[in-house]
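For reference, the structure is listed below as structure tokens.
Every chain is named by a letter (A, B and C) in the order it is written, and numbering of its residues begins at 1.
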């Protein structure tokens, strides 16, 4: 079927149904007798009236319009689009997990609680932290939770003047947005020429109002900040704490632990580093790990082990409270647990080695054809600049769109902001050399086209279900729902 | 080591190292200062082969009791989920895709979200819906943040009949902002409207109400909505989407923002997550809504297509001035809800709601006949209700597990003084036989 | 680049038309070109009091949001409601139909810091 695929509403045929429900086997009572008169629904919601076959065909056809990890290379920088093992999916759908209600008596959920407890221990070991909470369900949610913990820590010490969060100018947008949600002011710290924290600027900006510095290491250029020990010392000496944004943790498993380099709080993205699928934008999981002095402030409840029994402890007087209705994205955490048990410590270390090897291989082969601002060994990702191609009137956006014609998802583009025409490439460890070689060939061809046939690039994509879309029109006259 | 997820062979690794111009993989990590390195193996269990791993996972899963007939609710419900939903959720073109930042190769996800937004608008009566939030509790907190920012007032009036854990999450989110949260008292399991009338004033940012509320009782939404007439405060309703098959859309009763938990729409209970926070708002709040929003547009050849839009609200552009920090949401859960609502259609959704209502009414009537058992509230209820028992609920719940029933939630956990109360939920999945069996078992336990 | 002679300018690329104690404010041709297609304009409310340097409006393109800073202190007496329906006016006619707001100047407001067209042209040249 060609695009466009009609909306599910446009397939609707009045009177058609896609469900079967049991006969009502209790006494029939008119609903008017049970419901308040003014609140009985007057008009039914205009949901589609379709058969099960219609529904399946519709969504299967829609799915075919997506690029995904399972259909092609996805080197989207900072997003760690690695292969999502199928055993994870099978494990999380086991009835003992999938059908478990969160409020069953604890003796009926011992398997789930044991899994949560052990996963917390594993993540603490991997990050060098003393305790972990699985409650945050996304990276940004983890940031929020971590900053709440930091704020609670300062307040408990009577240190009420700590109202600023230092954020590097190369940081992910969630960092300042999360800081704002805990009521903190943001102060930007400049990056040096390697995208690392500029120590001079840090020293100038750190003072007794600083609650924390938020940092990604390796940074958003894929470079390890070699000054991390000194950065930690500067911030700690001023009474602030160090927050680790785990977006780039895939580079360091078993090699270096945030907790050993001075970080006090970390969040991990299980949907990046620990192979749980991105789901087209979630659900993820963003556990938070802390050092011992911050444990009292972790969200409630916490899983505790007493003898060989597990229970949820709500009696945490200093806790920041709850950040989720229940205990976080348990189903996602089951997948991450499965992955860690599959890989073991040895396997995880190999994950980072191969992720870094793949990235360096691509960087070595592509530099020269694309501008590389910082020519040194990278970690799990690296950032090229499209400025050589810009000279021919081909922008990074065009390069990205042209990649679509070759079945490759484009890298992250125009981020970090400190690189002109940025192209941020993260191949991950689950791609074989021949996939990387194919990508290199395609990138070299696009570089050639930029010189010889720029229009072919600027008009791309040519083979996708739709061509470039009018985003200006979409924003000027928002059409955000179907209307009958 | 060999590993099924790591494709490169020793020979390929050698070739790659050569192209890079280094002698070993270790050299690639040379920028990490030696003294900071771990320099020991991670202390984790040994790797497991897939067959052994699945045996281990089955053993763990087997230690969770899921065979009991469930009358548990409190935000997570045992509604029927058609098999077709999981077949769509396991389409890996959906679940292994990232956020649809490249619309040309993400039309599947984008169109599905657009359809989801439409369905949420249809259910709630709202003009605009977003692509999803984490869960019902954070959706409520985000709604309160919209109210604070829009009205520039700081007083949040929060229903005491709101899910206690949603209230806890709200407290967390409000604690660092310029907000005062005051609890609206309840009488007979419903909000005390006289008390509320005395609380609303020109400084009110929002009234946050759950209906059906934590006790399963339908609040007087039209009456509460009227109290804000002439005030700039917003009316926020947290609702059960299944109830909207039979109950009026909250936005048509005056709600400015409608939020809630979408787990009932075909999602697994999964020990409380992943869940689905939904949010619908009136048109004038369009640019205040948090998170992703999909809009319709055209491609260069005039074909209909969909894109993420109004992105200047979001963290990746607006940074600290964003409407929220949310980035990843619960897209796949929203897809599940869309498939569920497509299958059910208007008739199916109404029938699920109607049967839940009738079966809950039947169960309430039956259980109230047990000597010593009372219904402490007067209703009107939807699918959940409190029961007052002649002894502490916790022990009764425990005894009922041994008889094959999850009898409900111990209300004493959430409301001091209600230790002898049980919160019972009944969905369309429960049969008359199960309800009668529940009655017999409870009668025996209480003897 | 169009820089009308009869207007005053700021380093934040705003233009100001002075009429007695009232000033009309908009963004320059250069600024609209830098921002790209404007998709939404957030305007202040009539009656808002602003201090010079405060953000009083926000111009949004698809991928950016730019604060517009008040070049003067005063009270907002009029806003360009046409921009609600047609934000593109800022792109197509920045000095005319794309105006943003009219302010009544605060007591003793000094306008001597504002640049003339020549000075702004010079300023732009230095920016390049």
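Here are a few things to note about the model shown:
Convention: a contact is a pair of C-beta atoms (placed from the backbone, for glycine too) under 8 Å apart; a residue touches a chain by one contact, two chains touch by 3 or more.
Since we're looking at a predicted model, the values are computed, not measured.
With chains as nodes and touching pairs as edges, the resulting graph is complete, every pair of chains being joined.
Comparing chain pairs A-C and A-B by the number of C-beta pairs in contact, the larger count belongs to A-B.
Of all chains shown, A has the CA centroid lying nearest to the centroid of every protein CA atom.
For this pair, chain B with chain C, the centres built from the Cα atoms lie 44 Å apart.
In this assembly, the C-alpha centroid of chain A lies 39 Å from the C-alpha centroid of chain C.
One simple way to say how far apart two chains are is to compare their mean CA positions; for chain A and chain B this gives 20 Å.
Listed for chain B are residues 310-311, 317-318, 321, each touching two or more other chains.
Taken residue by residue, chain C touches two or more other chains at 40, 60-62, whereas all remaining positions touch fewer. Touching two or more other chains at once are residues 471, 475 of chain A. Here chain A touches chain C in the complex through residues 471-472, 475-476, going by the rule given at the top.
Listed in rising order, the residues of chain C touching chain B in the complex are 40, 42, 60-65.
Note for the complex: chain B touches chain C at residues 287, 310-312, 317-318, 321. Within the complex, the chain C residues that touch chain A are 37, 39-40, 60-62, 87-88.
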